[in-house]
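Think of it as A, B and C in the order they're written, each chain with its own count starting at 1.
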């Protein structure tokens, strides 16, 4: 029987995003179906940096947009970020091992047909628009997540 | 067969608590049995703000109590808290969408008969007392959590 | 049928490590097979403090090594660390309850035959060496983690 992996991506941290995407891509290589459900800070991973659009946003939504990185390579580390120094250190270490940066893992997941879902309520609260996300992103509610999660063999909250 | 969801609530962050309670309430609407097991910082969600009691606490327990918010609406965000500014921003955004604050989600979960368990060891270490929690909270050990978790279809660590 | 618990230890926080090890040890007491897969900051839990070796490390790896605690008792709390004051407070509270410190829980897990796996990619990126870890630690890739995880009844990302 086909195996399934379901990841709830809550965090927008560089290192946690890496961990989630490495699991997702490894699972795809093993022919496992993978769903990633992005909520809250995790939604920062789904924005197409070329399509961020400040129009029709409220004052608070604009402020939120201004405070959060447009590009996933600027996301902070979950620990030892030290105003970006820790992240730079981590990236130098990735580079030394020829490990690709987050952007490449994300691209890989998109190409490998990982299913990308975005939490409707979070999208509304944070003022994102469908057009700001990658085109394959589907906006769904928590019930769709739950339905997918209990058909899965592994569920993680990242 | 009946579905079950089991959430281990470790974090006391405003946004993570929201995520957990949204899942719990959505699952209840689908007639899924939900258990939330609260440990460490998660216990801050279970205290009845009207019943916090400093008597019979050691010096360190009192200090801990003084340093942690009495009211769940004062819990910090997991990211971008910026001394409370981020949380205020998040709340303004919730408000714009007519999304209820954390207190309402918590009330909903209690009304919807989500099962609330508190980790015995954490309760003892942090010096909480049964009387400080909502009356339906049951104090149990890690084994009771594990028994419940493996009867469940989804288990998450939040 | 035999039960299995699988914990992915991403975080290197004192309190989250405690939570994971308490679950692992409780499960072992119930005769449950336990695998802990350590990745990123979680790897800081696996180093034998007597065997940390700066030779053959790159400049960035040495810097990383200098910035991270050698001894698990110096790991930060996930919240309220306040430059170590919060951790000291937590330890005083542990002490008052005669609860053992993290070192003892880790020792317990090793003695109780919890299976310790380390993520190969993280080990390479962070510049750790097999000899720096406890001898029973096995270095494996994400696929070995996934295989173990879907044979398990409970999987958590900590």
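Going forward, a residue touches a chain if its C-beta (ideal position, glycine included) is under 8 Å from a C-beta of that chain, and two chains touch if they have at least 3 such contacts.
Treat the numbers as computed from the prediction; the structure is a model and nothing was measured.
Student: Look at both sides of the chain A and chain C contact and report whether the same residue positions are involved, with over half shared, or different ones.
Tutor: Both copies, chain A as well as chain C, present different residues to each other, with under half of the numbers appearing on both sides.
Student: On C-alpha atoms only, rotate chain B onto chain C and read off the angle in steps of 5 degrees.
Tutor: Between chain B and chain C, the superposition angle is 120 degrees.
Student: What is the distance in Å between the mean C-alpha positions of chain A and chain C?
Tutor: 25
Student: Could you list which residues of chain C touch at least two other chains?
Tutor: 155-157, in rising order.
Student: Looking at the complex, which residues from chain C come into contact with chain A?
Tutor: Touching chain A: residues 8, 10-13, 39-41, 58, 60-61, 63-64, 67-68, 76, 121, 124-127, 141-143, 145-146, 149-150, 155-157 of chain C.
Student: Which positions of chain A touch chain C when the two form their complex?
Tutor: Listed in rising order, the residues are 3, 5, 15-16, 18-19, 22-23, 26-27, 29-30, 32, 78-80, 86, 89-90, 92-94, 96-97, 99, 153-158.
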